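Listed below are the structures to be examined.
Each of the next two complexes has subunit A plus one more chain, namely subunit B in the first and subunit C in the second.
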Partner chain A sequence: MKNVIEVKHLTKSYKQNKAVDDLSLAVKEGEILGLLGPNGSGKTTTMNCILSLLKYDAGDIKIFGKEMAPDAYDTKAKIGVVFQEVAVFDELTVYGNIDYFCGLYIEDKATRAQYVEDALKLVGLEENKNQYPKQLSGGLLRRLNIACGIAHKPKLIFLDEPTVAVDPQSRNNILEGIKKLRDDGATIIYTTHYMEEVEILCDRVIILDHGKIIAEGTNDELKALAKIEEKVTVEVAELSPKQLSGFEKIKNVDSVSYEEGALKVVFGKGKNNLAEMIEYLKANRINYSRIFAERPTLNDVFLELTGKELRD
Partner chain B sequence: MTVSRAFWKIALKNIGTIILYTNMLVLFGTMNINSGSTTAQFEAAKPTVVVFNHDKEAGVTKGFLEYLNKNAEVSKDYADDDRLKDALFYEQVTLVIDIPEEYHQEFALGHDPELKMRSSAGYSAELAKVIVRRYLTAAKAYSTLGLNDNELASKVEKSLEKEIDVELKTKADTAKYSTATRYFSFANYSILACVITIICLIMMSFNRMEVRKRNLVSSIEISKMNRTLLKNCCIYSLGVWALFVIIGFFVLGFDVLWSIHGLLYIANTLIFAGCATTVAFLVSQFVTSQGAVSGMMNVIALGSSFLCGAFVPAEYLPGAVLGFAHIMPSYYFIDASNKIMALEDYSFASLLPILINMAIVLVFAIGFALITNYVSKKKQKIA
Partner chain C sequence: MFFHNYKYALKTLLKNKALVFWTLAFPFILAIFFNLAFARLHDYDQFEPFDIAIVRDDAYNNEQTFAAAFKTLTSGDERMFKAKYVDFDEADKMLDEEKVEGIVYVKDGQAHVKIKGNGTNQTVLKMTTEQVAQMSGMIDDIADAEQQRAGGTLNLIEVKMKAAEIVQNAQPKISDDSHVMNVVSIEFFTLIAMACMQGAMLSSEMLNRCLPNLSHRGKRVAIAPTKKSVVVLSNLLAGYTMLLGSVILLILFMRFVLGVDFGDNMGLIMLLASIGSLTATMFGMLLAVMFKMSDNAKQVVVLIITMVGCLFAGMFGGMKIFFDEACPWMNKINPVGLITDGFYSLLYYDDMTRFIVNALSLVALAAIFFVLSVRNLRRARYDSV
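And then the complex of A and B:
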């Protein structure tokens, strides 16, 4: 599969502060690439540099094999962008807004009308098409924002945190829509700090921190970087210090903590860890109510790599 | 095309503003016009006189009394002399005439008998005396012709009935064009309000950072988009100008505007509409909310209209205010309107002051455009 985007040694500074530091990446045709990182990690700056919205200090950016520049209109015609902030006209209806932004790319009236209808359908706003943005809820507004960015059926789509402050129903709708865009053949760069979304959507993930790539790979590849196998949480009403220290002796246990009735046991490796732990609970007659077992998340990977949480 | 379409959709969304300020122009422009109209017919004032006639009602006395009854208010309420003195003091009566015995006979003999007269102070008394003098002078002239009493009275009456048509001869028909001047002076406010409000609201929508970013990443050339917006703003301003001119034809009359004077008003307003467009562009660089647009519009449109004489004629404004008004294009626009009204001929020398004012408004427009360009580039650099 050929690369749709190639970024080499991209550097962008704001005075002394390096927002993007010697960043190189490639995005393959038809994949959803997740750019994951906490606020201020350089995700949006990287995206803005790729889109030529920002001048950068050094580096090369190629999209569809061509050098990207502010006047690369042929390349821009194949790109759709959904910004983090809702970018619509308050004076135009839902239909009018999508029609306007689609019209920046598609001149033919009939084609455009069809594309607008398709976009409305994709984001589920058919019934709201005559409403004005101020009449829409936050979730519907986000959906409109997405429709405006993708109505012209671009081959490459940038989505910058499209689900921020969105209700669960709208979030599901948006994520389903993005999957459909991928199924229709679009390449997608998905920027977010919600690891759950990345895990659901992305074929490949790049984790950024302080403008640098700190990890890159598929979900499984990244999770393999975490030095934990499993996290088990047990709801225990009472636990003596002796009982607590006893957990540390269980095979493969990395760390144990007990706080506010929740016993957390982290297993570094191995299999059937949960069964062994239940056996220990029974043997020591420790009363427990519920047990949760979790596989490591991207947050754990991030924690492992940077010593801080993704949402810090 | 899509940019133009969005432009006009946003403009139409704010059509209420255009209707509001157009109505204000028609309402207040017309109100000004009526209050400023001049009277073409005059009615002679009638002074109040009291006559004590000791003569017989014959000869010149008879004719004189009839003439007084026609041309003055002859009061019979003052038999008491004290009351009469009070009435003279308070100017309730302006002239008291005592006609002595055998007055008509003495007059017929050419002896020039004297009437005793007491008058109040003031203009009305003088008017009453003029009426008396006028009759007696005419009567004296006809008395030499040897006419009988009736013939004399008839001749004098006919002679005094003749009225002289007084025509005010000035080449400039200021009464005719004062209506147009007031209308176009008020248009200063309406044009600024309509142009600033709508252009700022539209430009604000297109300049919103998020929308602008989306436009920048699209395949449309941003310079082409800016040109399209500029073109549509100019078309909009032209539309406002044309609307006010068309309404002007209805309000002021075809004969007023379809003349060289009228065309000068129209040209002056066109230049001002262009200047208002550049002002709107400059303001649009700074405003980020609808409230700010409304505030700026009020400061500029209302402020300049008050200071430059759009609402109150410039001659009523203090010198300091007019001095300050010189820094605004509205002053030169309104001043040009006043000069058009007073225009007596269409020689270059007469037209020059008007053309200079128009040129100054143009210079203001160029200045605003240059500042807007500078500010816009500065903002792009910061962004």
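And then the complex of A and C:
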């Protein structure tokens, strides 16, 4: 599969502060690449540099094999961008907004009308098409923002935190829409600090921190970087210090903590950790209301690599 | 692509309540207020000469042209004022006792008016004095030049005659029904100029929408495969269309609803308004390109600049004369002043030179604003967006 985007040694500074630091990446055709990182990690700056919206200090950027520049109109025609900030006209209806932005790419009126209808359908705004942005809820507004960015059916789509501050229903709708775009053949760069979305959507993930790539791979490849195998949480009403220290003696246990009725036991390796935990609880007659096990998340990977949480 | 952009830009402008208010409704409201304020002056039958005091001292006598002009205005059947020539203390006392509506005096070579209250008579006295002072100054300048050319042989009496002649020519316009109150017309001229300049808000707003460093919508436009020149020009044209439309509506409203006298020069007035609107459009473009501010902040800046321009141009009474004398270059670069003066020259002078100079000055300003803006816009890539 050929590369749609190739970025080599990209560097961008704001005064003394390096926002993007010698970053190189490639995006393959048809994949959803997740750019994951906390706020200020350089995700949006990287995206703006790739789009030629920002000057950068050094680096080479190629999209569809051509050098990207502000006047690379052929390349731009194949790109769609959904910015983090809602960028629509309050004076235009939902339909008018999509038609306007789509019209910057598609001149033919009949084609454009069809594309606008398709975009409305994709984001589930068919019934709102005659409403004005101020009449929409936050979630619906985000959907409109997405429709404006992708109505022209681009081959390469940048989505910059499109689900920030949306309700669960709209979030699901947006994520389903993104999957549909991928199924239709689009290559997608998805920046977010929501690891759950990355795990659901992305074929490959790049984790950024301080403008640098700190890890790259599929979800499973990244999770393998974490030194933990499993986290078991047990809801226990009461636990004495003696009982607590007893958990540390269970096979494969790395760490134990107890806070506000929740006992958290982290296993570094092993297969039947949950079963062993239950055995131990029974043997020591410790009453519990709920017990569940979790595989490591990308947040654990990030914690492992940087010593801080993704949402810090 | 150009038309698509233009169509939507115009649509969004027409639905933007704040911009519609400042560029369309506000000048209309002011026009109605002006009309109410000057209503009495339109009705010549109701216009009666009223009492004023003139401080006749050495300073007054030294301004011979001004004094001669006032003598004409205070004598004969068609006089405007019933003058009492007294010293300043006596005049002040008469004003306090409301025996006169105002005092005219000269100090340091400048004509001044002292009034109490803000009635119609006070306004007429103030505006007429300003007008006469301005004309007298012009006549003196011309006479000086003529005298220099004639080697100092020109008779002072001839200068006085000329002053009387000019004022006589001006007075029928004040009293003749076919040319109602040119003094009032100046206020309306300034109002049209103000409406033109307020239009800078439109082009500033339109540029904000195109540029990625100024708005989120600008980012979206900037990543589209549309040439920046097409986007910028179509947006500017939309702003200009709305501005020109509102200014033309304002002029027609003044002419046919309020009955403001524009003489027989409607075509040239429209032409100057369209040039003034173009200058304002380019000014708004420059403002947007040079300064990274919010839409609201830019609207406030345009409003302040326009109002200061109106002040220099004479919208708020006698400031025009003051600024013309204190800093004569000011109104030569002040678009409001140039537009107002262009209208004024159409009504007052048969010669088109002054009108053409004003129009060309506005074109030159528009060209300067445009070139400076384009220099900043071309190939701009941003440090931050």
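Throughout what follows, the second predicted complex is superposed on the first by the 312 of 312 C-alpha atoms of A that agree within 3 Å, B and C clash if a C-alpha of one lies under 4 Å from a C-alpha of the other, contacts with A are read in each partner's own complex, and residues count from 1 in each chain.
Methods note: a residue touches a chain if its C-beta (ideal position, glycine included) is under 8 Å from a C-beta of that chain, and two chains touch if they have at least 3 such contacts.
Bear in mind that the values here come from a model prediction, so they are computed numbers and not experimental data.
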item: Combined model on subunit A where subunit B meets subunit C, clash or fit; value: clash
item: Which superposed partner A:14 touches (first subunit B, second subunit C, both, neither); value: second
item: First, second, both or neither for A:148, with subunit B first and subunit C second; value: both
item: Partner chain in contact with A:246 - subunit B first, subunit C second, else both or neither; value: neither
item: Touched partner set for A:74, first subunit B, second subunit C, both or neither; value: both
item: Touching partner for A:86 - first (subunit B), second (subunit C), both, neither; value: both
item: First (subunit B), second (subunit C), both or neither touched by A:103; value: both
item: Partner chain in contact with A:55 - subunit B first, subunit C second, else both or neither; value: second
item: From 131-139, 149-157 or 347-355, the subunit B stretch with C-alpha clashes against subunit C; value: 347-355
item: Shared subunit A contacts, counted only where both subunit B and subunit C touch the same residue; value: 51-53, 70-71, 73-74, 76-77, 79, 81, 83, 85-89, 91-92, 96, 100-101, 103-105, 107, 148-149
item: Residues of subunit C touching subunit A in the complex; value: 1, 4-5, 8, 11-12, 15-16, 212, 215-217, 219-228, 379, 381-385
item: Residue ranges of subunit A touching subunit B (in the complex, touch as defined); value: 51-53, 70-71, 73-74, 76-77, 79, 81, 83, 85-92, 96, 99-101, 103-105, 107, 148-149
item: Touching residues on subunit A, where the partner in the complex is subunit C; value: 14, 48, 51-55, 70-71, 73-74, 76-77, 79, 81, 83, 85-89, 91-92, 96, 100-101, 103-105, 107, 148-149
item: Touching residues (chain side subunit B, partner subunit A) in the complex; value: 1-2, 5-6, 9-10, 13-14, 205, 208-211, 213-221
